[in-house]
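Here's a structure for you.
Note that the chains take the letters A, B, C, D and E in the order they are written out, and that residue 1 is the start of every chain.
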Amino acid sequence: MHWSELAIELTLMPLVAFVVGLAMVLMMRKIAARLQRRVGPPLLQPLYDIVKLYGKRTQTSHGMLHEIGIVMAVGGYVAAETLLPVPGMNGIAEKGGMITLLYLTMIPSLGLALGVGQCANPNGSIGISRALTAMLAYDIPLVIVIAGVAIHFGTTNLVDVIAQQQAGGIATWGAVQMPLLAIAGLFALQGMLGKQPFEIYVAPAEIATGPMVEMGGKFLGGLFVMQCFQLYTASVLYVTLFLGGGENWIAFLAKAFAVLVIPMSIAFLFPRYRTEDMITMLWKWPVVLGLIGLAFVGS
Amino acid sequence: MTGSLDFLLLLSVVGVPLAALLAPSVVGRWLLVLLYVVQLVELALLGSGDGARSAVSFSLLGHSVGWQLDALGWFFAMITVAAAGFSAAYAAGEWGTLNARAGLSLRWLYVGLQVNVFAMLVLLAAGDMVALFIGWELTSWAGLLLMLLAGGEAIAAARRYIVYAIAGGMMVLGGLLMTLAAAGSLQFDAVAAAIPTVGTSALWAITLLFVLGFSVKMATMPFHLWQAPAYAFSPAPASAFLGAISARMGLFAIALVAIKLIGIVQLDRLYLYFDALNLRNLLAWVAVFTAILPTFVAMKQNDARLLLGWHGVGQGGYMLLGLVMADSLGSAGGLLHVFNHATYQAILLMAVFAVIHRTGTADLNRLGGLVARMPLSFLAMLIGIIGLAGLPPMNGFVSKWMIYRALILEGQPLLFVATVISTLGTVLSVYKLLHNTFLGQLRLEHETVKEAPWSMTIPMLVLCVVVFVTGVAPGLVLEYVAAAQQALGLAPVAFILGGIDSPAGTLDMIWVTAILLAGFGIGAVLFYLMGGRSRRVHQLDNYAGGHFLTADVRYQYSDNFYAGLMHRIRPWYRGSFAWAEEALVSTFGAIATAARGFFEQANPAHWVLVGTTLITTWVMWHALV
Amino acid sequence: MNDAHLPVERLSIILGEVKEVRVTQKGPRRTRLDVAADALPALLELLKGRAGFVHLSAISCVDWPDDAQFELVYHLWSYELNLLVSAHTRIDRDPGVYVSVYDIYHPAGFFERDIHEMYGVFFEGAPDMEKFILTEWDGPPPMRKEFDSEGWVNDHFDWQDYRPDWLLELEAQGGGVMIPPDEQRFSRRGIEDNDDAG
Amino acid sequence: MTDTEQFPVRVEQPDRNGGNIFSRVFDELTAFCRSRSLFILHYCTGCGAIELPPAMTSRFDMERLGISPMVSPRQADILLITGYVSVKTLKRVMLTYEQMGSPKYVIGICSCTVNGGMYWQSYATAKKLNDYMPVDLYIAGCMPRPEAVITGLRQLMDKIAAGEANGWEDYYRRYDYYLGHQQRLFGETWQTPTDVIAEARHYGLFGPETLGDHTRLLEQHQAPLEALEMQLGLGAPDEVKA
Amino acid sequence: MRAENYEARNHPPSNEFEINFGPNHPGIEGNYALKVKVHGDEIVAARADGGYLHRGFEKLMEQRLWIQNIALVPRICVPDPAPMEVAYSMAVEQLCGLEVPQRAQWLRVLLLELSRLAAHLFTFGGHAATTGMYTPMFWGVADRDLLLDLFEELTGGRVYSIYNIPGGVRRDIPDDFLTRLSDTLDYIDSRLPDYDNLLFTNQVFVRRARDAGPVSQAQALDWGVTGPNLRATGLAFDVRRDDPYLVYDELEFDIPTEQPGDAWARTLVRRGELLQSIRILRQVIDRLPDIGGPIRAPIPNPLAWNVPAGEAYVRIESSKGELSWYVVSDGGDKPYRVHIRGPSSMHAVQVLEHLVTGCRIEDVAQIMFSLDACPPEVDR
């Protein structure tokens, strides 16, 4: 591949992720509004919020790390998006693979954790402690799922995974071949997005929105951007592993949005678990399903 | 000047009295650092290969004993000498001066360090099994020198260590005798040739004795209880050195015996339940549990040194796991992890001791917010924990990635999942370390704390560069890892400068790092160039539910940091500890019974103690004359 | 408990054992007791123990500056008798010290604390006499009759001088409320003055 | 301050024709987005807060105007003073107001914020909110209906889009005035953790009346709360702490 | 805050840290604060901090005419204002010996029960929101708004109705009001299955609310717990039945109780009361047309109304618990002393402190909302 082509792809992929992510945020808020029997925000609301936050005149910082934390949170996702193939663009997906991607998506969380830590606010620290606990909880089913997929397709290369799934139509999709793992994956997805019932780390009524407590202005704006990326990454990763990636952009976006409808619909109809109940929940059913699925994959 | 093993060993030995002579003065300590540099250069000149053979050799009870440094030993030796060098430099300046004034004997410290280096070199350069045993015992006792230095808590830990070391030494001796009986020789080649003909039961006995004996030093489960406290409470440079490399001698010995001599294929021969579980799988699972449990124990620690000590135990599990996978990727990952672990563990311990140096405590509930006062130490610890947690772009990620890949390729998804659990536990635990030390509220009594002196920060920062560079370009180290693999008789790993190039998944860290840095760059541009200027505020200007935060309020979340998680897993701790201790007790019972069979003595430990000392003295006498 | 008089009778039997209590029947379920200050705790204990008056509904304090006394009213409810008893007692305004009944009724903690900050009555033996509502108040106990709330307000606050356009227009035309804001309010003092004048 | 001034908030009209076209467009865009995305601080200071849940929830749905509640003052744009403020609350309100990021807007809901309302006699409540902080909009009523609240918020949105809701600048430019009233009510040693003067300097919002007698009094009393900047002091300490 | 509070002292050597729930915190009801000391995630000490809503009602009322005070009293408890008016009016009536006409009494019952319905719908949403489920709040507040429409139609005010005056009520019901009330009740009835599915039988919610902040019956009596919180411990006591006022003794209703006394039980009791309120309102709808007569007793010129000297203690059942008013008159035109005992003065201070100590951070907000504490009632 010519380097200029690659450069364009590497620029476009995060950009696409951000724009699609904005639409996903809007969809999330619209779904919430529908379930709550109201109208919901206007179309460009996510964008307004971000522009407004960046446009704040005073920006309160608690120190350099507070700022670097946001840089890492956004930058980590910008980097991670180039490892996630989209139709027509593979970026550097072949140079990393799913394990690298999995670990790269931890970077934003760690960055955020650093930034929040500097704020010297226990609400934020409790939020981070819960966020990391949640990560420990949902990553176990997620890793089982990823191991299963990697063994099933015989590779950790996401481009190959997509190619193999698209080779035989729907019948070769991961979700058809490994239904149990796909279900376990949905649990992990819910945890990854941090939505109810696994929304323990923002918990406004308990810890005053946890990590976001001291974030204002563009700090919060950075987190809003990060949320766009987070939604996009989680949904596209699921699409890539189980729904055959994107044959073309229409199918790709349709799948990506459709996947998100499930966790979003669940999110607004449940309260949050306590931490230990969340761990139990995520270590019980999805792990059992995943292990059974893994046994089928292995055999 | 060409490299010669004898010259190196001589340098090492000469270093001991030199250390005693020079350690009390600052200049002398820097000269000693220079001595390590010379040793390192000498070692580098030796080159990674089988060329270096010692001229010293003698015959013991009809078995010739000699020393030869192969690629595996060289790899470990480089790490050892470098770790000692960095530790010595760390203590050379202000740390040494101030601690000497506080009553620490620097003579002992530097002598102990040098004795350890020498002992380890003797072990690593073992040319046959007797030499291996001699080196092993030397290493074990040398370690004690460093542990005893600090006094206080360290004494109790050291006492526990003695028990373990004696037991381990006995088992190794037993294994040695069994091997002699089975193979009729103690030369590596002869043993390796004889092993395939040995019966299963004898092979079981030999393998188990060796592996268990060496595991003691490795602190694999169920021998994991001694290491963390023993290493943690030594003085700073000793702790950094011990934590970085000392325990890896066990890994070296296991690699040598189990893979080079006995052979991984032979391990597959040893079934526990028909085909279901053979010794290799058993070892892999032991390794995984060694990786998991100490990690979660570490999570509960409130002393930064202990936390790191437990991680040291846990990381050993990864290395063992990679080794017993024994395919090119896994074993390379395991060996690479030895190097990586040495680098970041040294950084972390140095950073923690820098904090202790300035604040006088390592209690994670008495620290916090130090990033504003000790930014360089913070940077070092940050890079260290990224390495320890195995996140890109630091070197820890590369070795862990290789182990994961190997596990997936070998069709071991359960081991893979278990390993990831350990990694996640590590992430949680190290964030607690970083948060409670450097982040959060700066305590009032630490308002005037200053950054650690250059003599302490520079070794950390240099190691940080190493961690980063070998993370970006792991090919630099993988070259020697591949050579070590060949020395072990394994297929060398197919590496490129940026990582691994294999058909079933590629890792190019140069790309990953570049893209990550580019991402950070974009993030920084988005953050710093867009939107208004930010203004830093005091930590009391903070959200407190609408209340005024006053100076005397403790506003820092530190104790029981993962409270939610602990609600779920706390009951499991008790279970696991009980289980581990039971296992330990019964192991001791088994050893004692076995030993009674060999020596028909009620208290074999004393005999082993006396015997080992005699043998060591004798060998030393021969070697020097 | 079909007969509504039964609980009252049971109560009067119990009260018959106590001296120096004046009982006034105020309604089918309301009884007023007047008791001397030193006899009150014992009475409460008796009521709680013998007649099941386990619920302390409230403690009210009334300031009688003319008598130089505070009146303390303990409202008790019995879930068994379905009967409310108000035990009245009077203490001297100066020094304004009384004993706490927290040991008998835990809800008293809140009420005594409240009376302490509002009236300055100190309750001996109360677990907690710290301020609760007026933590950042440094004036006199505001519920005492001599505290002049309006005077304090005039000393400490400015009044809004905002007058909307339509009012200014009205005023320009000679209409509207022409009284300046300071004289607009009618106060207790003003009315009393008027009364005196009338 | 004279009697003819209705509100003592001085609105400084921004120079709408200055700068190049790009920055003008950018400013317009920011102002538009500011008006379309308003985060209300979740702080129920008084009884008017009871009409906010109806305004936010399904029936009146403020989110369709881009208005949503936020928890921490750092995130919020609007401080709704929902009714009477007791002196104890007013201290917290001041703290919260100063912690909010500019541009920030204050809306006084209910009559009590205008002139003390029916509590004009009460020793515990402040009578005139705009003595202590600049108020951009009052919504009178006891209590104003959700429709009134939403109408008021819409007016505020129009003001923001037109660049007229600049009460927050007034707080920096005439800090001395506001501080004077705060000191009168809270005592001479009153100090909030936010250093408003330094902030005004940092963001170029310094005005001729930022400093005055009252800030001098503040500087006499205040304990300095400077940011904990990273320090690379590498000098040797005096004693060993090990 | 005073400057000296920012000056350096030593930090406490303890591992506990402090967190403030409120006043600016979504986990607190209204403008109130709970300062807690936390160890890990366990609360080791809690201290309620009130006074943010203090207006000095008791002092204010001493300075105003008897009739003026009727405008002041509903402000004492914002979410459930009607019982305040009724209680104050009843106290004045007792002092004057006024006989309230039957129709006015029925109208008061109507108002009280509507207010109770509205307050409970508000509480469910609040409780659910503290556990992270916001949909019931959106639904509940929107459905409550329909009731507020009825208030507005009946009294002219959405929240503060100022409908009662000593001697009766201000105005009669508008035409067809009872039909619209009946329709609204039917609507709320029809929504209950939705609420059940969403909230009351939601397994995650049950898991959260069960065992959160449990109170035993003995503790409840010891701490002066009243109202739904007391009934959640199994004691079937209701002022409306056991110390009847107005025409409650002519009405049929049950007293819902639950045994465990935790947050879950308290919410269930409120759900039961919601049904009972609807039942009472239906009876009012049936019987009100048959009750004629005036809607208020004649009172003297209210601007020169000297209420006879005396004292009255009035208790009624508000949606939060036992609300009582102690009113003393010295024969003047203003009350001599008014003491308001809001149910929350127990629930929000001592009970809350007790329940929160030893619980976890997760449950603090939930306990406060499940106690349905109303801070303005505490601060007055």
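A few comments on the model shown:
Here is the rule we use: a contact is a pair of C-beta atoms (placed from the backbone, for glycine too) under 8 Å apart; a residue touches a chain by one contact, two chains touch by 3 or more.
Since the structure is predicted, the reported quantities are computational estimates derived from the model, not experimental observations.
When the partners of subunit A are compared with those of subunit E, the chains appearing in both lists are B, D. Chains that touch both subunit B and subunit E: A, D. Compared with subunit E, the chain whose C-alpha mean position is the greatest distance off is B.
Averaging Cα atoms per chain gives one point for each, and the point farthest from that of subunit A is the centre of C. Highest C-beta contact pair count among chain pairs: A-B.
Compare each chain's C-alpha centroid with the centroid of every protein C-alpha atom shown, and the nearest one belongs to A. Centres computed as Cα averages put subunit D at a distance of 32 Å from subunit E. Mean C-alpha positions place subunit C and subunit D at a centre distance of 38 Å.
Distance between chain centres (mean CA atoms), subunit A to subunit D: 36 Å.
Here the spacing of subunit B and subunit D, counted between their Cα centres, is 56 Å.
The residues of subunit B that reach two or more other chains are 369, 371-372, 442, 532-533, 535-537, 539-548, 551, 555-557, 561, 563-564, listed in rising order. In subunit D, 42-43, 57-59, 71-74, 88, 91-92, 95-96, 99, 121-124, 192-193, 199, 203, 223, 225, 227-230 are the positions where the chain touches two or more neighbouring chains simultaneously.
In subunit E, the residues touching two or more other chains are 1, 5-7, 17, 19, 23-26, 38, 41, 51, 54, 56, 59-60, 63, 138-139, 142, 379.
A complete list of chain pairs in contact reads A-B, A-D, A-E, B-D, B-E, C-D, C-E, D-E.
Those residues of subunit B that touch subunit E in the shared complex are 365-366, 443-445, 447, 540, 543-548, 550-561, 563-564, 566. In the complex of the two chains, the subunit D residues touching subunit C come out as 3, 6-7, 87-88, 91, 114-116, 120-124, 126-128, 131, 181, 184-185. Of all the residues in subunit B, the ones that touch subunit A in their complex are 368-369, 371-372, 382, 386, 389-392, 397, 401, 404-405, 408, 411, 413-414, 416-417, 420-421, 424-425, 427-428, 431-432, 434-435, 438-442, 504-508, 511-512, 515-516, 518-524, 526-528, 530-537, 539, 541-545, 555-557, 561-565, 567-569. For subunit D in complex with subunit A, the residues that touch the partner chain are 29-30, 33-34, 36-37, 42, 57-59, 61, 63-64, 66, 70-77, 99-103, 199, 203, 227-230. Residue ranges on subunit D touching subunit B, taken from their complex, read 43, 72-74, 91-92, 95-96, 99, 192-195, 198-199, 202-203, 223, 225-237, 240-242.
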